[in-house]
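After this come two complexes, each holding chain A, first together with chain B and then together with chain C.
This part shows the complex of A and B:
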């Protein structure tokens, strides 16, 4: 019965794949909207010069606002789960006594400051070339994971108020700016940056997001990396 | 003129972030205050829609196709009002519920705020990619709420729910990608005329099938209902109520929108008949399974499977060429949506009180409940009246309109299904009521419950019952264009 179901799923997926290939090879509709041209036409008013950043943070900034909330929600799901399990934190420097770990330790100490620098650069670069808050946040998170794996940063437990504040501060800044630009102009629309200050506001939003996204992404690893205590060990 | 549209999205997001900041299990009072503000905003918005008609809102001031557009019309207004009218008593209920049972409270408040934000954003969105983002937000919030109950069973249900919801939104996203590849836009206002005027492409057909299949999976229409009972039945009662009353309605709302607007040039009468047939199967099969349950919350969850079926009867009824028939089918479908949301929220809330008091989720242990928790049992019965479709409830108006449409359109088969479904729902509601009037099972001790648990549920049931008297206002709002 189960293998029959598997065969059915495989056949259906293969059929869908073939149909998809056939459909994609079909030429696009002649009445197609040329969106990229429109982006390039309006980019002067967006406050940034890189089209991807212009779309993500200005033209479709509303999607981004919801997307970062999705990331926070993913972390909430993880937190809701780990609340049930008791976890033990290996003390910082746990691995450090082993001589072969010295290389890792040295590497981490060299790399992590560089990673922070790279994150700052990516954040700044986002305005005019590929980069931005998501990439910068991911680099920050990777730095956190590296520190944790090399035993320099303990795994996170139930977050205290300062960590919680860090996790949501960037999102709150985004929400605040979204509301502020709406209220200061009249009639203002949600996320309608005034062209003159758009570049500065976008950089502000991205700075906040870099911090919070870095913490959120790092949290997805660091909240789960502590060793769960078995029930038997409890007894 | 003050415009509530952006605030209905921003405010719940702010409450979500703030309640996360205040810490585990806290922030209920903030959510309550926030929801009252939002309810006032939705009432203002509904009045604006009635007075001035439907309108677009260009986020960022760019307008489609470059930016994201929002769109509010009568149906949006009904969905927003319904969401807040159901959520507000449930928040009061949840505060009382988690004060007597801490299990599952951990991140309930931020998750609920994000859930409401996702629903508000989804109802107002006029951009198929933006709708995908709201679907993700909604799905993840709902999974988080199911998982928060903590027992092994609820984690299994949550993971299954997560996989289903990801599969559903994945299929939807594939359809969005196909449409974007073919037409170069994700805005409904741009896509609609393009689909209507150009030759129908294979890509558009495949996209329609993928998007609708994904949404049907999320709506749990028979035979995609397998994930719903464990997820809704296993969650803490306030969560079950939110999910069963509101969350599945969100994906149904999208099916309704896409079917009659974007994909109107593609859909056929046969496809509508197929949806109606699945709906009929859901009504019968869901009701029979509900009757066979031994656990109270599972019975209520299977009743949701059955009641979803009625919503899908409107698709074949809308194909009728007789002018009045299609209109009353739409009205009946929307009334059913509203009435079921109110009644199911009340029923899950009442079931939660009974389970909390008995200490165990088992219908056989309900004996004596009639004298111990008369108000809660009364709530359960009132909600049952709406589900059965007895006058003067909202469910009666809904089924009346649907049957009226079926009769005048000459589609007699659906009338039989609806009457049978009503009888079957009476059977499972009376199964619970009968047990509650029996003498208590020896050795069982009911725990006392606080009154703030009983009254919000009663209020919801009362609204669902009295909806029948005020249905004209609801239908007026629906007709506002």
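This part shows the complex of A and C:
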């Protein structure tokens, strides 16, 4: 019975795959709505010269705004799942005495400053070439994970006020700028930057986003890694 | 068939692999992996279809960029939930219908 069901699932999935491929191949090639041309026509008013950044932070800025909220919600979900019991943090550098960890330690110490530099460059490059807040935040988060894995940065337990402020800073900056623009430049319209100052505003939003995306993504790892499972202690 | 359409078709195949894995695999970590493969398939379809005219369309690319970050966050949340389930029931599987989660709570 069970294996019959499995075969049925596989057959239906194969049929679904064939239908999907058929739809992709049949789709009309010159699309009726050419969004890329629309973007290229309006890019002069967006304040940046790279089309993906223009779409992310100007034309569909509210998408990005909601995305940051989704990330914060996911982090809150992770925090809500953490065990309540307080545990002693392993001290920073607890691997330092082990000779076999020296390579990892050395690598982390050399790589992390470079990663911060790369994150800053990606943030700045986003205006005119591939890059931007998401890539920069991901690099920052990877630096945090590397520090944690090499034992230089302890896992996070309860976020203190400064960590909480960092986690929401991107969203707050975004909301403040959205509110300021709505009240002054374009009343009643969400995130309609005036073309003259759009570039500066986008860079400001991206800087806040880089910091808090880095902290949120690192937090998704560092909060989970600090909450070791010991179900014996639960019982 | 242009190169972009090959990417889109590969994305459809990945999506179907993911769906099949999500249904058939009982281990929850494998379900999460299958879910991620499904998501990657969708991203590949979006990016592939977005550049079938030869020039990449920035709108689906921006959507995929958003989607990747959200997928990472959703995966972390799913992993946190699986760990909670593990510490509650000692298993990384959904409980059978006869032994619902509610009973696990009561047994605590």
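Rule of thumb we're sticking to: the second predicted complex is superposed on the first by the 210 of 235 C-alpha atoms of A that agree within 3 Å, B and C clash if a C-alpha of one lies under 4 Å from a C-alpha of the other, contacts with A are read in each partner's own complex, and residues count from 1 in each chain.
Following the convention adopted for this analysis, a contact is a pair of C-beta atoms (placed from the backbone, for glycine too) under 8 Å apart; a residue touches a chain by one contact, two chains touch by 3 or more.
Note that the coordinates shown come from a computational prediction; the quantities given were computed from them, not determined experimentally.
By the touch criterion stated above, A:39 is placed in contact with chain B and with chain C alike. By the touch criterion defined above, A:81 reaches both chain B and chain C.
With both structures placed on the common chain, the touch criterion links A:196 to neither chain B nor chain C.
Judged by the touch definition given at the top, the superposed model places A:4 against neither chain B nor chain C.
Of the two partner chains placed around the shared chain by superposition, chain C is the only one that A:56 touches, whereas chain B remains out of contact. In the superposed model, A:67 makes contact with both chain B and chain C. Residue contacts after overlaying the shared chain place A:20 against chain B and chain C alike. Put simply, chain A uses residues 20, 24, 29-31, 35, 39, 60, 63, 67, 70, 74, 77, 81, 83 to touch chain B in one complex and chain C in the other. If you check the complex, the residues on chain A that touch chain C are 6, 9-10, 13-14, 16-17, 20-21, 24-25, 27, 29-31, 35-36, 39, 51-52, 54-56, 60, 63-64, 67, 70-71, 74-75, 77-78, 81-83, 132, 134, 138, 213, 216-217, 220-221, 224, 227, 229, 231, 234-235. The part of chain B that touches chain A in the complex is made up of residues 3, 5-6, 9-10, 13-14, 16-17, 20-21, 23-24, 57-62, 65-68, 106-107, 110-111, 114, 117-118, 121, 129-130, 133-134, 136-137, 140-141, 143-144, 147-148, 150, 155, 174, 178, 181-185, 190, 194, 197-198, 201-203, 206.
Contact residues of chain C toward chain A in the complex are 1, 5, 8-9, 12-13, 15-16, 19-20, 23-24, 45, 48-50, 52-53, 55-59, 61-63, 65-66, 68-70, 72-74, 76-77, 79-81, 83-84, 86-87, 90, 108. Residues 19-20, 22-24, 26, 28-35, 38-39, 42, 58-63, 65-67, 69-70, 72-74, 76-77, 79-81, 83-84, 158, 161, 164-165, 167-168, 171-172, 175, 178-179, 182, 187, 189-193 of chain A are the ones that touch chain B when the two sit in their complex.
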